[in-house]
Every structure is written in C-alpha cells, then in structure tokens.
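Just below sit the structures, each encoded as structure tokens.
In the two assemblies presented below, chain A is common to both, partnered first by chain B and then by chain C.
Right after this comes the complex of A and B.
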C-alpha cells in the first residue's frame, strides 16, 4: 500500500464533505466523522517505511519516502488535523471551506513525505494555495487583504526557493536532499538562505511574520487550531530536513551561520512575546504567542548542537500540544460569545469550567512550568546554549520566556477571571467537539511533560546519524554535562506540597461564597453595572517603559523596502518608456558610441 | 528518614521566615522612630488569621490560589540547598528547575486574586508580572557567569565548588553580585519596587480580597519566599559552607533590603522596569564580559 494514499484519502474525504455540506447538516457532520476515522485508520494501519516514484523525466521525478523524520512530523500533522476536525463539526461554513481544509491537510502530508526538493516544493505550494483559499473564506477582519498578504509572502518565499533549487541543481547535478560538494562556503550559505526562506515564512520568523497575526485573526476558529498546531510544523520540518540532510556539514563547520539563525530566533521569541501581551484580541495574542514559541524552536535548530537540535524539535512537539489546546479553548469561547475581543469577555470560569482547565494547563505549558510538556524542551535549550557558551543568547531567550507569563495571564484573566458581564449570564460550556478536543490535548501535556524520554527517543533516532552523540535521556530524566533533571520528582514534590497545603486549608475554619460585587472598594457603591473588569490597556503602562521599541514594525520595514523598489522601478521606467522613438534614439546613440570606440577598424 | 529531615528543615525555614518578617517590622519602626510591634508579631498574625471562624471566598480558583502559592514555594524550597551539607532534594538543585518552580507560587496567587473581580487585585498582578521583565532577567544574567565559571547549572555544585571566604563567587564577579543584589530587591518586592502591593494606591493589590486562612497561607508563602529568594542569592554568590552561614547570610541580605525599603519612596511601575534596564543591566553585562575576557 502506498503511503501517499493518505493524501488521496484526504482529498476524497474533502469532496465527500463538500457534497455533504451542500446537501444536509447531518451529512456534513457524518462525512467529517468519516474523514477523522478514515485518516486515523489509514495512519495506524498502512503507514510504513516505503519509497515510491512516478513521472520520471530525466533527472526529475516525483518521489516520496516515509523516513523516520517524515513519520515523526506526519504524526504531529495527523493528530493536529483530526483533533481540529472535532470543533469543526460545530462550525457552519461554505462547502468549499471543508474541501480546502482537507486539501490543505493532504498536500501538507505529501510535502512531508516528499523525497526530493522539487516534489517538496510543489506540494508545499499547493498547501499554501489551499490555505490561501481558506483565508479567503475567513470570518472577520479585512479578509481579502489578509489572504493577499499571506499568498504574497508565500509566493516570494517560493520563488527564492525555486532559485535556490536551480543553483543547487547546477552545482550538485541532482535535486535530492543530498549535500553539495566542492562549493565555496559562501555559495552554500546563499543556497541555504534561498532554500530555507519559504520555511522561515511558514513559521513566521521575524521579519517575515506579519501575515500571521492577521491570518490567525481573520481565519475560521477551528482552522487556526490546525494552522498553528499542525501546518506550522511543515515549516519546521522543512528547516529540519535542510539542516540534517543537505547542509549538515555547512552548519557543523561554519561558526557564524548557526549563531545568526539562533539570534534571529531569539529576537523573534522576544518581540513575538512583547507584541502578544500588548494585543487586545484573543486570536492575535495567540498568533503572536505562536510566533514567539516557534522562535525558541528556531533557536534550538539554528544553534545546531545535538542538545539544542533535540530541544528545538521537542519544543515543536510541545508547541503543537499547547497551542492546540489554547486555540481550541479560545475557539470554544468565541463560538459561545461571538467575539474575540478580550475586553468584552470575563468571568467565564463558572460557566465554562472545562475550557478553563484546558486553557490553564495550556498556558502553564506555554510558560514552561514543570511538570508540563513546555518544560523539558526549554530546559534542554537553556543548557545547550550555556554549553555552547553564548551567554547573551541565553539571556535573550530567558527574557523572551518571561513575556510568556505576561501574555498567559492576560489571556486567562481576561477570558475566565474577573467580572462576569450581565449579557453572559446564560453562557454554557463550549459544545461537545471543543470539549472532547480539549480533553484529548490535555493528555500529552502531562504525559510527555513527565516522560519526555518517549519523544526524545524518536528524535534521537534521526539526530544520531548526523551528530553521533550519546543518549542523554531516560524516559523520565534528562542529563547534560552541566545539569540533570528528573521531572517526576518535581511533579511529586509539587503534588505532595499541594496536598499538605490543601489539608491546612481544610482544617482552618470554613469559608462562605461571597457575591461578585461583595468587594473591598474603599467605600464606593458597587452594583452589577459597575465596570470592575480590568481588561482594557492591561499592560498599558508598559507602553511608556518600552518607548520607541513598540514602534518597530515589520510592516514599516517592508513598506520602506517597497518605497525603494518603487523608486527603482520609476527609474527603470524612464529608460524603458515603451515609445519606439526613444528606442530608436538609444540605438542611434549606441551606434555612435560603437563608432567612437572601435574607430577606423569598422 | 530523608523525608523527616526535609520536613524538619521546612518547618525551620517557615519559623525563621516569620521571625525575619517580625524583625523587619521592628527595624523599619526604629528607622521611622516608632516603637513598633514585638519581633514575634508575625507569628501572632498567622495564628490569628488561621483561627478566624469564617472567611469570604469568591469561588474555587480564589480559594485554591493561596493553596497553590504556598504549595509552589514549599516545593521550591525542597530544591533549594540550605548551604553545603543540608540534605535537600539537591541532586537537582538545578537553576532552571528552581527558577521555573519559583513562578508556580505567584501564578497560583495571581489566578486566585484574578477571580475576585476587584480591579485593584488585577492591577497589582499586572504590575508584578511587568516588574518581572525588569528584575528577573537581571537576576538571571547576574548568576549566569558564576554558573558558567564553575561549569554547572546546579546550585549545590556551585556552593561546593566555590568554597569558603576568599573564594566567594561574589568576590570574583563583584559587578554581577551587585547587579544580582539590586535584582533581588525587586524579587523581594521591597520599596522602591513595591508597586504590585502599593498599599496607598491599590489597597495591597493581589491580597485585597483575601482574609482569614487565605491571608494566613499567603503570610506563610511570604515567609518561606523570603528565605528562598535571598537564599538563591547567598548560595550563588557567597557559597555558604554550612546551614548557619546560610541563615546568617540570608538574614543580612534581607535586613539590607528592609533598611533600603524603610528609606525609599516608590517608583512608578514603568520607571521601575526602566530602572532595571539601565544601570543594573550594564552591571550584569559587564559581569558577563568579565567572564569572557578576564576570568
């Protein structure tokens, strides 16, 4: 059985859902369920290490191969996809939306199974196109502009990639993943930059990120689960495969390239975090947090030491889990309230307790607190950077990790804590699809947080041939040259202390439930309409602290680039006027110059 | 057996923390030329708070907040070596484990305070989190050269490797030590960095809706917090070779903070954050450069 049938199956399920959605609500739900079950059954039963090839034309051929790396990332995408389909059951959209949704998954899975750079390119672009179509069916904001922005970034990245592919073909004579021999370092760096650019765009590395907040904001809420948790991993996969297979020698020998990429990742993590806690919209906040967390992944991958590389890949798994649960719970809240504006929410903890627990564990993992899945990756990343000796980089990454606490708290407080508004008094828990997806996401948050070795073992399988490093983990502990952590001990210590402190709480007198308005306000009368929810300008004072830093924007940077580009085009237009008489004049000038230069020899 | 010893240390730290708090009040009063409460006042306060018959709660998270806060700081204490030779869970007195566990407590309290629907509480939390952007990075960058110098990320190994008086890391890296001391002041939340509490502005911030046993738990949290936070500084920079020196060191550092606290007014929050990105940042950057060029 061929692995690529997974994509065919997805496309088939997409058409099924398309017709289902055209005909009746029940049929739509049924076909989505069939899609989920079919994908999972195929993935469990028929995915096997296997190569295949068709349409061979000279050196070019479409070839697919399910290696260990592909399988690892494919499973992330399959999980993200199937889990995001659960909330999708409750979303009513145009029939085409479902079709593109399944197509995006199908092409993404083909991208990951591709065995050469051209096949990868083709499917990568088809994925982008499917996402473009989905963004055109967005739900809020300036939809057309957002979708255009996304596709322009993707296309520019793609053209650079294609350029890089041709140059690589010229030097190495093939378009496989293999390395390039006998080429100067500078050329290799150039080829790497060209080839990696679309993947940097995909994981929204700064300054190629500003499609992301708008896209996440305006896209359908269920799709953003898959978009952030699943599709961003295609970008991570692209970077991983380029680094491990094609440019491993370059990254090992060159001193500057790893540092530069790691610093770009660190700055992305920091600025993403800062923009996250300054945004007032739940989806935009999560979009920036996703950008920021992928920044850590880039730091880990870029630094290219065995520990940092493993940490980067582990953190991308963590990213899938916690961004998945965060986007799911927030989608549920938006589904019930009809707005994604944080300033219009509040006090929902009693109304939506399961969503609250989901979001809470999500932010705890995003902040990297043990024993959740966010911790092992960050821990290993810090130790890896320290072992490499770049103390300023580790400070930058640590600074970025503090911003996670700020945006996490803003998110959980603005939605679930504080004042319950009058109009939300009858809000119910999110629909079943959201709740089930949330609960399923919560399992890996704890399980892989306590036993990270399960994932590190898989990662070790494909980093070993490149780095040739020793095993640095058991199923529940990590060990580097400078540190050691056994995560269950931290978990047990926390649990034991919680039990003790809870007993202390229980034996010390009873407590009664105070009303929402029963508060200390220094004598001021408080009733239902009293605006006591602190959500507007949550970190407003930080505007003054950051000062000019917040004015930095990639949008302005690209507008500057555009201005230069336009001026240059204007200059060119003066010469290429399109008027035949001008061209005749140029020809005349040219002949005169030729006569003077060559002189009597003519 | 080990668990019993751990429990013993834990009780000792709680008692000493409360004692520090009482002495701090006495010292502050004497600086202000007042008589002040007795040095055992903190014990009386906790006893009183825990014996209240009834306490107001705003919901489950509001009740659990102080419980999580106390549990978090107690768990952190288990990973914090009390000087050389003290049997804590120190085989992983790993810097990053401690730094991340240290956040569990404040996070719990933040969640609890948030549910109370009192804007003062949330403003306090927002300020506390923002202030972290200031001191936390300074503290981290200050301790970094020491950990790298001894080639370990374990706090216990740093204590053992640096040895007694003339070999103190604080003397090898004086600029980092100074930066760390300033950062510690913010971590302790003493003036001029008490914006999160700011009694005259936001009515003691996160604590505003807490009373009775909840406030009692928060007092215990604060007591252990003092020792854990000052202990981190002492362990890294002054490598206490036994538990007596550990407590002496934490006491001196804490009293220093209390004295500064008694003399200072309060920054506005953005001024406080800005302050940390000024001179202290330069100090710790110089400390790191010292590691690179003049070990």
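Right after this comes the complex of A and C.
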C-alpha cells in the first residue's frame, strides 16, 4: 500500500477535521493546516510511481497504478486541493462539510490512480457522491434543485459508462485500459461515446453542462476553487486515458470522430463565453468561463493531432491555475462584500489591491496573453487547427476567444474599477488565506507562462508513444511547422507596449487626479451616494444581437426528456386503478393468456 | 444437530400458546417472538455450515417418502431459511418492546411458520398448506392497522390472494392426477422426460398463485396499497419475508418440475413487465411508502427476470444474480421500511423535517437498492448486467440500464430532500436503531468485502443446480 495511502490519509484527515470543527474554531483551523501539510509531505516524499497496488475485495480486486499520466493529473488535484484549503480556514461551515471535502479529494485521487475501468467507475461514483454531499451544504440559490441536478447528470453519465464497460468487456475480454481488436468502427465509436459520457458531463461539455453554473454558484466559495480547478481535471483525465490508451487507433484512423468532438468543444467554448459575458453574477460568470475554457481543452484533445493534444492538456493545467486564482479572488471579494452580484460591486481596486492583481493576471491568462500561462496552450491549439486545415473551426475558436476578452473585462470592471459603493467604504483586503492562495497561484501563472517547456516535457513523455512526434518545444519557446514563438520575447514586447502607454500617460500632462467617488453624468452634478458605476446591463446591446441564440436551451431539452418519462409513469400508474374488481379482471385475463400459451400443447 | 422439524413444530406450538403466555406476563409474547426466529436461525446456520452437500430428508409421521410428507433440507433451502429468519429476528428485535398485543405475535409466528414451511417442505400439497398459512396470516397482518388505507389494501390482497391460492391448489391437483404422487422430487422424476400438455396447464395455474405472493405483474395490484397502508413492520415483513419465501417456491418449482423454455420465457416477460411498470410507477408517486412499495415490486420483477435468463443462457450465473439481488433487496428494504418509523406519519417525497440518523439509514438503504458502489447492491447489479450481456440482447441490456437511471432519480429526489430538510431530533426506539445500524453496516461491509455473501450463495446454488442428486436422494429415499 503506497500511493493509496494518500487517499486513506485524506479520509483520516477528513475525520480529524470533522472532530476539530465540532469542538473549537482553533482546532478546526489547526486540523485544516495539518491536512494541507500532511497531504503535501506525503505527496512529495512518499508517492511511488509505476507501482501496482490492489485493494482486495474478495471477488474483485481494485487495481491502482501511479502511471506518468496519473501522476501529472494527481499533482494538479493535490495542488488545487491544498490551495483551496487556505481560504477555507476563514469559512465557518458545518463539520460534515470538511469531512466531505477531504473525502472528495481522497476519492478523486483514487479515481486518477485507478488502473482498470471498474476501479475507475467505483471511485468516480464515490467522488460524485462526496461532491453531491458538499453541494447539499451549499450557501445560496436553490440548493435542493442544484444538488439533485448535479447527481442525476453525473449518475446518468455513469450508467452509460457502465454499459460501455460491459460491452467493452464483451469484445475485449478485459476491463483494463487496453484497446479492442476486431470490432467495427461503429461499435468502437459507440463504446467510446458510452465510456466518455460521464467525463463529458464532468467537464461540463455542452449539452451536458447545465448542472455547472448552478453548482458553482451554490457551493461554498472555497470549494468552488477546488471544484473548478481540481475536480474537473478528473474528467479531463478520463478523456485523456480513453483517447490515448483505449481508442488511440480509432481516433487516428477515423476522419469524422475527431472533427465532431473538436466542434463540440468549440461550440462549448463559444456558447460558454457568451453566457459568461451575459451573466450578472460573479460566480456564474466564472462558471461559464470555466466551461468555455474546458471547451478549448476538448477541442485540443478531440482533434487528436500531437500538437492539439499537447495543447489541450497544457491548457487544462492553465485552466487549473487561472480559474484557481479567479475563483480565489472572487471568493475573497464575496467574503468581504457578502454578495456575488456584479451589479452591486465596484471600485474595489484601492481596497483590495492584491485581489485586484490576482484577478487581473487571472483574466490576462484566461484571455491567452503572453507571458501568462494561458498563452502557450492557446497558441499551440491555433497552430494545430490551422495545420489540420480546419479554417471553420479556427474561426469558431477565435470567436470564442473574443468572448473571453469580453467577460474578462466585465469581471474586472464591475468589481474593481469604476466607482466605489458607499456601503463598501470600509471593506478591507480579503483575509490572509485568500491572499496567500492568490499569491501562490500567481507564481505558476508567470513561471509556466514564460517557461512552458517544463510542462510540455512531461506531456511529451506520455504522448510520444502514441503520436511519435518530435520535440517541438524548448524551455521557453514553441516551434511548429508553421510558426515559432519565443515567449520571453513576446513577454518583453507586451511589457514594452505597457511601458510605452504608461510613459505616454505620464508625459501627456492632461490627466487630473480625481477621487474615486468624484464622478459626473451628462452635465448633472451628482452626490457621492448616486450609483453611477457602469455595471447594470453591461452588455445589454449584446442581448439584442444574441437574444435568439440564448433561447436555445439544453436544459429545456433535458427537462423535456424528464417530462416524457414522467408522462409515461403517469400512464403506467393508471393500471393500478384502485378498484379490486379491475384487479380481479386482470387476474382473469392473465389466466386466459396463460391458457392460450399452453393451448398448443394440450 | 437439531432436527429442522423443530423449526416448524415450535413455531406452531408457540403460536397456539401465545394467549397463555400473554396471560402470564404481558412482555412474554414479545420475548417468545424474538427467541423463536433466533432459534430457527441458529438451527439453519448450524446445518448450513456443518451439513454435507447432500440434501437431507426428514420424514414425518414415520412414513418414508414418497408416501409420507417429508422435509427436504439442502443448502439452497437453508440459505433462504437463514434469510427469512434473520429478517424475523430483525422485526422481532426492533419492535420487541412495543407490541404487546399477543394477537400480533400469533400472526407473526404463523407467518414465519408459513414461510419456513414453504422453504423446508418437500411435498407439493404441503407447500400449498404452508402457502395458505403464509397468505392468511399476511391478510390479517396487512389489515392489523385499523385505518382505511390498511384495511383497503388488506381486502384487495385477500380477494386476489384467495383466487390465486385456489388456482395453485388446482394446479397441485392436476399434477397429482397426472403423476400419482405429491412429493416434489418424485414429481420431478416422473416428469423429467415427457411432459404432457395438461402438466403445462397445471404449471400455469400454480404460477398464477405464486405470482400473487411474489408481487409480479399483473397480479401485484394489491401490493402498493398494502405497502402504503400497513404498519411499517408489516411492510418490512412483506418486502423481506413473505415475498422471499414465495419466490423461493417459485424458483424451486420452476427449476425442479417445470424446467421448460416456455416457463422461462413467461417468467422473463412477466419479470420484465413487473420491473418496468413498477419502477415507472414509483417515479409517479408522492407518498414515500407507496414509492418504496413500488420499488420492492420492481426488484422482485428484476430478480425473476434474472432467474428466467437461465432459460436463455443456461449459465448458473443467472441464478446467482437473482439470489444475490434477493438478499440485497431483503436487507435494504427491511432497512428502508423499518426506518420509516423514524419519519413522520404519511411522509411524502417532499419531506420537510428530518432526523439525521433516519436520513443516513435511508441513504444507505437507498444506495444499496440502487446498486451504488461499495454497497452490497453494487455486486448484485454488476452480476445482473453481466448476465444480461451474455444474452446478447442489447436492447434489453440498455432498457434495464435506462430503468436503473429512473430508479436513481426517484431515490435521489428523496435523499436530496432528506439531507436538506430542517433537522428534527425524534426519540428513537433504541432496539430499532440498533437493528438498523446492524443492517446498514452489513450492507456497507459486504459492499467492500462481499466474499462472505458470495461464498454462502455459491454453496446454496450448487445445491440447487444439483438437480439429479436432489431427485435421487429425496424421491429415492426408499
């Protein structure tokens, strides 16, 4: 028992924190800190790669192995988990919340370390159950509906997976990650779709994404950090495993499947972005942003060229970093302000400077600007799509990137820029936990943005066996057949532009220092209390442009499906009329049917 | 080792002695009700572990079979005996302190007698007698609550049940006429090679009777009303005791006597219809007990469906899946229904105020019925999907998966309400709480390490499948 101990220790730490939270505030904080330290110590010192482990269950043995892919994603989850625990220190929650938090982490790590399809399924289900429990302890919104939506979407996906697992077993004789021989392409595509479905749900691919905005909105704010940055990677991991190990041949040979999946990803990216900039709530905006960014990941993975796949995986790491910092800073703001409504925020730049920097760098990364971590993945993805020759797809993804600018600006403007509201005069910077987590997140945003080679090297390690491609990167540059970028150069160029505009501002001499509350509107003088911050109907004109598009709703479709089921159940319910005379007639008719069945033999 | 005939004899004796015991001390009937199933359990487990893998014939009245009535004890019967009496202990223990009316205890013991008798007997008419004892005591138990829903359910059950039992008897008569014997093994022997048409008709008549008790479509129409109206412990009895004894008889008789593709096909269709209709009906329910009742019916349908697949794939895994599902369902439903005592009267699916302990118990029971990983039900579900895939009927495979999704939906709908309601702390019956905890620990422990259930189940099924030995030993006991 080596690596599994990580999960077991996490579960133990969960119980410890549960009892700590039950007793005293100090003990709660102390046990959370122990949890963070313990997880990190174990992860740094005791994780043993490429070791098979089993949990024997008598008739079945769950098998685990920390392969290079598992290790890569496990580290993302560990980092997201420990960083999200820092803000958690400041939140007062029910003791069970902490227990479920650690349980979710423990089962997520077991899922990533799973070495066969059934083990993966079992731990994946437990992860979903733990998340469901956490969602039931949510803090806002319609909690029952949100939690039920989440678990039902997850379970439906998981049941399809179970079906796919059995069919795969039937054709290949094993439940491992290996491929299937001697089956038609159509069967392979069908099995792939069944197996991949729960992972599509997990990364909120449209049209299975409806659980995500509500879940992110409802959940406690520090959990949302772990939820978006960490737990969604379980979904990415599942897809990577299926595509690299089980269905690599299918993706390489088939012409349509990669295109379809890439387009699904692209549409998710675009629509997610649109819903994001139409949102008036900070958490919902970030939720859609997360969905949109994971759409890019799916484009990369789905297209299945060496560059696009590497780009997809890299961008999922970027997603962890910048969504992490975005959710952390927004959580800090919500903690201080008590609201997540963007229309009621404004001008917090002076009050919460570190949060501002964090959010700013986060949205710069989300927009894919060098030298942040958001750039290499996106650049490589564009290169890959162009190399494949798919100009429509590249236009779609480009369009989606524009929406990233739009929602990024809305976010930073509504919260930090513009006029400060009167009731927020005494707001302080976010508490220490949030600030420390923000600062820690900022390090990889820049470091891996400038030196993406570090990560690409790991990705190359596990993608080369499948794609057999050459090295396309160095420490700080990327090179493809059609392009080349040296990131420090791009970073310096950006800095130079910034410096240029700053110098221009300094020497222009026409600026005048005004107080944050000093404002004007159309020639009228307004006093300090007048809410003149531009935050209402921020992209109102967009609603006219995109209005019809936004009426399309996957949720309405799924609700319709549910209604069909319920209608059918109303129909079958009427068989049980309640009148015993009808029941006796059923018996008689049934008997007559039976007699007819044997009639031929008499 | 103790002679299993004592199981039947003592139950009957104490049932008759109950009024006297009630006069002696008001708590005495309850203790007797607890001790008897416990004793039966001890006898059954003892035999299960120590007996050779050869069925044992217990003669009664000094006559050897096939002339005399005999009990046929093999591991398959012992397995069900253990299950039924474990549930009996569960019910007796949970309600030990509460029920003081000795009339309930008489009925309970008679019910247990009927169930144990069905499981132990080797004689066909005897099976009818015990079936009637089971049925009539169930009618009375169902109607023991003096309120309209319960009485309504009981009357409907009485009417349908009586008709069904009459047809079962008719079937028995026909078989007697054709084969000249009433011994199950002997009938199986005589009918092994050539079945005349009238035998099929007899089989159909007997199935009608059994379908009523096993809650199969379209003869289960009484069941939702009974589950909704009766006391919770009676609902436990129906879901985990009565229907399990009846399904034992169904399996035994079908496999031994009517081992014919026509019967398996019929069971397949009936099982599938039961499962589909019941699970969809559960979706439409507002009343929580009625929903659980439909879920019970659905699981019985699924078990019969699994059993019937043996006819298609001839693989013992079908029996394994069916019996594992039966075990899981008996325990999980007992947990769910008994737990209803901790919830408010007439609980609907929109429960508002909840007791944390009862929420947890409901969650564990529901997760096991759904077959969530790390509960016993998960292994049952895996087995069922496995045999479904063996049949190569992909449509059926995906239909069952679809219904599983429906099941998950209506259970999680309730779980969401349970864990989000206002917390209320009700006074719990300590013995009931203890029994609930024991069952929930069993379900989760077996979810992690099912080897215990699996090994016992395998032993039981080897006995069932060894038809030749059963017939030769019991019929040839001359």
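Criterion: the second predicted complex is superposed on the first by the 528 of 602 C-alpha atoms of A that agree within 3 Å, B and C clash if a C-alpha of one lies under 4 Å from a C-alpha of the other, contacts with A are read in each partner's own complex, and residues count from 1 in each chain.
Just so we're on the same page, a residue touches a chain if its C-beta (ideal position, glycine included) is under 8 Å from a C-beta of that chain, and two chains touch if they have at least 3 such contacts.
Here the structure is a predicted model, which means the values were calculated and not measured.
Student: Who does A:418 touch here: chain B (first), chain C (second), both, or neither?
Tutor: Touch partner of A:418: chain B, not chain C.
Student: Tell me the contact category for A:143 with respect to chain B and chain C: first, second, both or neither.
Tutor: Touch partner of A:143: chain C, not chain B.
Student: Looking at A:398, would you say it contacts chain B, chain C, both, or neither? Reply first, second, both or neither.
Tutor: A:398 sits against chain B, while chain C stays out of touch.
Student: Decide which partner touches more residues of chain A, taking chain B and chain C as the two options.
Tutor: B
Student: Taking the superposition on A as described, I'd like to know which of chain B and chain C A:570 touches: first, second, both or neither.
Tutor: So A:570 only meets chain C here.
Student: Is A:514 touching anything from chain B or chain C once the two structures are fitted on A? First, second, both or neither.
Tutor: Once the two structures are laid over each other on A, A:514 reaches chain B alone.
Student: One more residue to check, A:502. First (chain B), second (chain C), both or neither?
Tutor: In the superposition, A:502 contacts chain B only.
Student: Check chain A for residues that touch chain B in one structure and chain C in the other, and list them.
Tutor: none
Student: Mind listing the chain B positions that touch chain A in their complex?
Tutor: That would be residues 50-61, 63, 66-68, 70-72, 74-75, 78-79, 89, 91-92, 94-97, 100-101, 103-104, 107, 110-111, 114-120, 122-123, 125-127, 129-130, 132-133, 136-137, 140-141, 144-145, 147-148, 151-154, 203, 208-209, 212-214, 216-217, 268-270, 273-274, 277, 288, 291-292 of chain B.
Student: Which bits of chain A are touching chain C when the two form their complex?
Tutor: Residue positions touching the partner: 57-59, 121-123, 125-126, 129, 133, 136, 143-144, 147-148, 151-152, 155-156, 159-160, 162-163, 166-167, 169-170, 562, 565-566, 568-570, 572-573, 575-576, 578, 580, 582-584, 586-587, 589-591, 594-595, 597-598, 601-602.
Student: Per the contact definition, I'd like the list of chain C residues that touch chain A in the complex.
Tutor: 155-156, 159-160, 163-164, 167, 197-198, 200-201, 203-205, 207-208, 212, 218-219, 221-222, 224-225, 262, 266, 276-277, 280-285, 372-374, 378-379, 385-386, 389, 394, 397-398, 401, 404-406, 408-409, 412-413, 416-417, 419-420, 448-452, 454
Student: So in the complex, which bits of chain A are touching chain B?
Tutor: Against chain B, chain A makes touches at 347, 349-350, 360, 364, 367-370, 375, 378-379, 382-383, 386, 389, 391-392, 394-395, 398-399, 402-403, 405-406, 409-410, 412-413, 417-420, 480-486, 489-490, 493-494, 496-498, 500-502, 504-505, 508-514, 516-522, 532-534, 538-539, 541-542, 544-545.
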